[in-house]
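Handing you this structure, nothing more for now.
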Amino acid sequence: MATQMIIINGGSSSGKSGIVRCLQAVLPDPWLAFGVDSFVDAMPARMRASTEGLEITADGGVSVGADFMELQTAWMRGVVAMARAGARVIVDDVFLGGAATQQRWQKLLGELDVLWVGVRCEGAVAAGREIARGDRVQGMAASQAEMVHDGVIYDVEVDTTRTESLACARTIAAQVG
Amino acid sequence: MATQMIIINGGSSSGKSGIVRCLQAVLPDPWLAFGVDSFVDAMPARMRASTEGLEITADGGVSVGADFMELQTAWMRGVVAMARAGARVIVDDVFLGGAATQQRWQKLLGELDVLWVGVRCEGAVAAGREIARGDRVQGMAASQAEMVHDGVIYDVEVDTTRTESLACARTIAAQVG
Amino acid sequence: MATQMIIINGGSSSGKSGIVRCLQAVLPDPWLAFGVDSFVDAMPARMRASTEGLEITADGGVSVGADFMELQTAWMRGVVAMARAGARVIVDDVFLGGAATQQRWQKLLGELDVLWVGVRCEGAVAAGREIARGDRVQGMAASQAEMVHDGVIYDVEVDTTRTESLACARTIAAQVG
Amino acid sequence: MATQMIIINGGSSSGKSGIVRCLQAVLPDPWLAFGVDSFVDAMPARMRASTEGLEITADGGVSVGADFMELQTAWMRGVVAMARAGARVIVDDVFLGGAATQQRWQKLLGELDVLWVGVRCEGAVAAGREIARGDRVQGMAASQAEMVHDGVIYDVEVDTTRTESLACARTIAAQVG
């Protein structure tokens, strides 16, 4: 059966967005791309710095509250519905809960044919890229590098530490049915 | 019954985005905001300048192809699914087909309680704001100012020509059940 | 003598940037535009939240430290040098020190022919636009609306409270020699 | 004598901006960063697609006209004036004319103590990163990869093909007097 959805998980500054843009370029069919960043952009500004919404501490720690989780679940359902309606959908996410976050997705996916992708990057390298991009709180990359993969099961894994985004995208694209 | 979705229609540079941000600020519950701009951002880059996707001519004319329409319908279904799953959702759209675009939405909405909002702005004023924002092809604002409202039926209409975004948002918020 | 530089002063969210883009569009010659925002973008990221650099409090108060002032003076000299070298230059600034900031500029301008422009906007209206743009700390617009004009002398003043950016730009352009 | 200015030259998508942000982070003193991108942002919008200004062809070719060159020279003088006034300044540029562009800078620099930096990246790798960033016309990276270095003399060269931005920045910082 044809792949209907690609779910990409990786820590902050691991290179997910670049891989997604390359995937959209190399896959022959048009794929829509959504992710945790576009979800956060959709939230009210006041939720981006609140206990109920999203909090980012000075050392790059991230915690999310009840409102965030509730809205995110509804957003996940909607993204799944787009794939079910025939749009090919790529999602890039940060599984803050590791395996538990994967299970949140799995409960909503039903019979959808999903390709699970892990994007790894050594913490020290991701931390350097966090400085180079200049728009993230320092510390987020290092703290998320390992924990987001904890217990998660993938169909394909790539590592951006020494491999370019485009090469990673080609490895992933080769697994798209 | 409580309003589950707010669909806002208006031409380019009519002030929709500012109204949406004000609505998110004045409404007591958290509302997620999506729109034609976030949909276009989700498309592959190559579709943003293609016959099958989205084409913007040098004078600001916009035409969309078969792939665009197909993906957009799936995206609309997904956004509706988010509202059905309990997220309060604001959508800002440009009804290039006027009443026909409203009917595309209505076919997907089912029993959802939707507030339809028209955002008007005199063409000459919108054209001036298009110059002031500096990131749009000139001509788009003027060409869309009237046509997007053709035959569309609203619950509430606001006009940004002489009314600030925040005041418009308050008028709309007063109609949210 | 021909105007060589246009210095525009106004509080946060008073509409300076929109006026600058309209000025660049309506003036027949090409004018370069710089401002306090592009200066802040040029600083190291770590100076954007430090006692020595720039600090923005939760209520929108702004304070600048010794390093900021020193680098800013060098930046001002450079911008003046561009105008002296023949580039027509528009600067939009926020005179946090009112008349004292104008005097900082005047000491560097020498014989340059400068058009001084004040951009006013009622505090309550600017505060609403601050919510509508969504990328500024709330409170900045209201706190700066009056104080930046304190004791400053202008060649031309515009008020965006009820006048569009493009109309304001035309009023200013009419004074450009 | 202490380095007063760092001029970084490299083709599109070779990684200059990331290196600049890392340099600003690792250098103990505050350095201001300007570059061809901030210069282009300062130009009137209409010059970004005109024979007299800047033209980018569909295959990523770049040509600049008389107005562009004239304004750019004035801008270069201004940036040099900032360094002379005591600000430490990093400039990232694309030497479209190779050695001739370096000579344009040298004529303006006088006695300033400048560190010349070449940023290299294999054309094929830069072309892949151009796809990954998604905001550049494809072809620009490959066409500029070699030509911008033609005849240019450097104090230090780095190659981002297999070296991270932060490591490149450290190599450069070690040469800053």
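Every chain is named by a letter (A, B, C and D) in the order it is written, and numbering of its residues begins at 1.
Convention: a residue touches a chain if its C-beta (ideal position, glycine included) is under 8 Å from a C-beta of that chain, and two chains touch if they have at least 3 such contacts.
A quick note: this is a predicted structure, and the numbers were derived from the prediction, not measured.
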Report task. Determine, using the mean of C-alpha atoms as each chain's centre, which chain is farthest from chain A. Result -> C
Query raised in the report: Over half of the interface residue numbers used by both chain A and chain D, so same, or under half, so different?
Result: same
Query raised in the report: Once you find the CA centre of chain A and the CA centre of chain B, what distance in Å lies between them?
Result: 27
Query raised in the report: From the C-alpha centre of chain A to that of chain D, how far is it in Å?
Result: 32
Report summary line: Expressed in whole Å, how far the mean CA point of chain A lies from that of chain C is 39
Requested in this report: Would you give the residues of chain D that are in contact with at least 2 other chains, written as numbers and ranges?
Outcome: 21, 25, 45, 134
Requested in this report: Spell out the part of chain C that touches chain D in their complex, as residue ranges.
Outcome: 21, 24-25, 30-34, 38, 41-47, 53, 67, 70-71, 73-75, 77-87
Report summary line: Contacts from chain C onto chain B in the complex sit at residues 18-19, 21-22, 25, 125, 128-129, 131-134, 162, 164-167
